[in-house]
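The same subunit A turns up in both complexes below, where it pairs with subunit B and then with subunit C.
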Partner chain A sequence: MLQAYWYMTKMRLLTSLAYRFEVFASVGTNLILMLASVFLWKAAYGGGTQQINALSLQDLTTYTVLSIMLASVFVCGVQDTIYYKIREGQIVTDFYRPIPLLACYLADDLGGMLSAMINKVIPLFVFAALFFGVPWPASLAGFLLFIPSCLLSYAILWLLSALIGLIAFWVMELGNMGMVKDSIVRVLSGSIVPLWFFPESVQTVSKFLPFQYTYQTPLGIYIGNIGIQDALAAMGVQFIWVALLFILLAACWKRTKSKTLIQGG
Partner chain B sequence: MEAVIEVNDLVKEYIITKKESGLRGALKGLLFPEKKTVRGVDGITFSIAQGEIVGYIGPNGAGKSTTIKMLTGILHPTSGSIKVCGISPQADRKSVVRKLGVVFGQRTQLYWDLRLGESFELLRRIYQIDKETYEDNLSILTDVLKLQEFIHTPVRQLSLGQRMRGDIAAAMLHSPSILFLDEPTIGLDADAKHAIRLFIKEINQKRGVTVILTTHDLDDVEQLCSRLVVVNHGKVVEDGPMVSLIHKLAPHRLLVVELQHPFSDLTHPLAEIIKQDGLKIWYKFEKDRISAAQLISELSQKLPIQDLSVKEPNIEDAIREVYKTT
Partner chain C sequence: MGSSIRHYFSVAACFARLAIQRQLEYPLFLFSWLLMIPIQYFSGIWMLKIIVDRFQPLNGWDFPELTFLYGLGLISHGIFVVFFINTWHIDRMVIEGAFDRLLLRPMNVFFQLVASYINFIGLIDCIPGIIIFIYGCQLVGFEWTLLNIIKLLLVLLGGVMIRAALFISLGTIAFWTKRNASMVGFTLSMLERGTMYPISIYPYAIQVLFTFILPIGFISFYPAAEFLNKSSEAFQLPLSFALATPVIGFACFFLSQWIFRFGMKSYESAGS
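Showing the complex of A and B:
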């Protein structure tokens, strides 16, 4: 069984690496986004060296650069995969296989993630280093915590995406649900502007939502704005979210499956 | 012969919301949806023995696909029971699907981005087929279905006929004992159809695979199936060997007569003229009431006959009779 998943991951990796145009386009847009954001921060800091919220311009530059790299690595195709498979009726053939569906889609996304690390992150990193200097982590400990925190972030994002995907089983027409979710994630995760710049009230509410634990937590750890102690606590929260979302997804999947099987979708 | 598939009084009901036309209808549907229960499958019973090739046929919307979906466990029946190799596909879908091969003419289970061979490799891992069996099966399949020319081509570049052959191979890799084919020859050219029919015959004879075939292509049925189950409006209307089905449903024969010159009195008390085109006349008669020889001799006594031929009804006539009467 594991062999099957690994083969799926490997095949996705190989096919993604073969799509060269998609890579150029993605690196191009992300590069523009990266330059624009960094120059925006430069303008906001007015070229002076005054500190806002104890964040230096260098910190923010690193934050932005890494945020964009993470965004291209966190491949969550699952919601679109489910949507298209349902629209085209292709989901039926997946049900004929003696293997769990969602696990297959995860294996596929992981392959996409691995390929993105090779063909998107490396060029982005090189460009970022050329333009703004190498975005080093604040400390070695920060870097070591950054990696597992990213994995937890990805788990949260993927589970959210899968949950949205399941809606397609019920309504057939997902419409803009995916886009709405993506926008909410983009803003509330602090991937564009860190939540530290948001009003106090927003920050309080957002503590109880999963979104800020997807981008802000690992990035904050990386630039050292979140100390070791706080980092461990934040990762605990990340883990709780992963567990909660996992249980939620499992429950929803079970209901969705029996509904599909009983009513025929 | 032991039954591999047993279906007993199978019923599947759907709840559909009635939609009315126009804006008012749409609003009404939104606020007070009118629900209606429809019986897609209405008390189907049959059993299929190991090694049979059964044609499961019926007009569009007769409940064929719904039945197949229930047999494979991806739909649950409203009532009734199903046993596939003694197991209920609803209770244990995963172990039933291991014994099944399923091919949809209109869909593919191959991976769009992968080469055909890579799709097979992936299926080998999903079904956990051991290397030796896999190699054996693959070489046989490659041989019979002539896959070698395109096994390294990405699936999206395959022609329909090639893709279909690939799909059939994919369904047979894990050596299933039952094969469901849903319109396997739809849209294929004569050559590809022929190859697929040969293959079905071969796996049935050599490996004893039970085949259930739904199709609208009556040539498929005629060449492959020894038994037919005909459904309409969710019910089994006929079930039996093809020959007796034709005999029962279409007991008439056609006699085509070509005259030397026009003649006025063409009638015969036991034969009906169903068509006349110049000097050619088509008589329809029931062979239980008058034999072909007798009809010919009686007609030739009064008509200046140039040429004649007797036509047997074929499966198409029989099926048309079934659809008409129910």
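Showing the complex of A and C:
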């Protein structure tokens, strides 16, 4: 059983590694985003060494660099995969497989994630270290909590992505609803500007949404802005979101499967 | 000459009708763009506001001025994606052999390339652009005199030309490499960061790059600095910047046309 999943993960890993040119361009794009954001923060601090919301320029640089690395690692292709497979009618062959459909797609995304670790994160880390110094974590404990927190973040993002993907079963032509979701996540997750800087009212609302637990929580833990106690509490909330979204996905999946319509022949 | 121009117009109109029909075929597709584009750009300017409110003006650019700059950059992006979006897809046309079709027809190849897909969905990019720009104009107290309006139109024209020139040159690479889709994404994010933030926040080397080598700074930054009378910015050039943009735009555009024709010479059909 697990072997089947590992095979899919491995295939995805190998195909992603084959496209070198795409990788260079992707690293280049992320590098531009990274440089632009860091220089924006530099301009915002204006060469001063003051701290704003207890954050120094170095903290925010680390935050930005790590945020861009996480964004390239968190591969959530599932929404597009479902959409294309339904559009092309290929979803039927995936249903033939003796293993659950969504688990296949998860295995595929995990392969994408592994390859991104190798060919995107490492170059980005090297460039970031050259330009702005090595983005060290605030403490060892922070780093050790950062890793599981990232895994929970990925689970939240992936489940959201799968839920969006399921809409395709109902409407056939999903368009870019996935990108709509992505642009909301980008803002409300604090991946560009941490939510700590947002107006109070937005912060209050955001506490009850899953988004801030995807980027801000692990990154806040990494730079030490979220202490150990708070980190554990935040990870608890992350876990609750994973559980809720999982139940929601399972319920939706049950009802959606019967809606499957095969296009093309 | 007259009949030839009329012919080109009628072909463009025919292409446009087809493009509209294609784009209206999937309503949810249109709807998703209608949601995504405004979310993306309004949140972009909102985040600049958050940063400026919590910190300080960026290198002397306060929020009203940033809004003006952001809007100006976004409008030229919007106009560009309406008319020139097919320059992003040259690689696909080369691989699928669709480019052969253009070569067989007795018309200018570049004209066919851009006219065959007028992207009406791109007007959605213009909407947040115009709203943000007008809001920015209100905030900075922009004077809508005839001279200013003419300058503004010339700047927008030049800005669109600069963007088009960049993507045409980039698309030409596909004649050799057969693929450059990821380069398009790369250039898009560079353009976004280079036109919507003041380039004076970047290090000297990047400012030189964006002024003299890839003249992205002329799309929005230098014209905005001129309109807002911000004198102590990056580089002092002898010409009035608002006038320099269309000149540079046309120069780049003609250069890119030359590159495109040069690239076509090495085009070999990938179709079977």
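Basically, the second predicted complex is superposed on the first by the 260 of 265 C-alpha atoms of A that agree within 3 Å, B and C clash if a C-alpha of one lies under 4 Å from a C-alpha of the other, contacts with A are read in each partner's own complex, and residues count from 1 in each chain.
Note that a residue touches a chain if its C-beta (ideal position, glycine included) is under 8 Å from a C-beta of that chain, and two chains touch if they have at least 3 such contacts.
No experiment lies behind these values; they were computed from the predicted model shown.
Superposition of the two structures on subunit A shows subunit C fitting alongside subunit B with no clash. In the superposition on chain A, A:T29 makes contact with subunit C only, not with subunit B. More subunit A residues lie in contact with C than with the other chain of the pair subunit B and subunit C. In the superposition on chain A, A:F246 makes contact with neither subunit B nor subunit C. When the shared chain is aligned, subunit C comes close enough to touch A:A43, but subunit B does not. In the overlay built on the shared chain, the residue A:G89 is in contact with subunit B alone; subunit C does not reach it. Distance between subunit B and subunit C in the overlay is 12 Å (nearest C-alpha pair, rounded to whole angstrom). Every residue of subunit A that touches subunit B in the complex is listed here, in rising order: 1, 3-4, 7-8, 11, 15, 89-90, 92-93, 95-99, 261-264. By the touch rule above, subunit A contacts subunit C in their complex via residues 21-22, 24-26, 28-29, 32-33, 35-36, 39-40, 42-46, 52-53, 171, 173-177, 179-180, 183-184, 186-187, 192-193, 197-199.
Residues of subunit B touching subunit A in their complex: 12, 14-15, 66, 69, 72-76, 90, 94-95, 97-98, 100, 102, 104, 107-109, 111, 113-114, 118, 121-122, 125-128. By the touch rule above, subunit C contacts subunit A in their complex via residues 26, 28-33, 35-36, 39-40, 43, 46-47, 50-52, 54-56, 58-59, 177, 179, 182-183, 185-186, 189-190, 193, 197, 201-203, 206.
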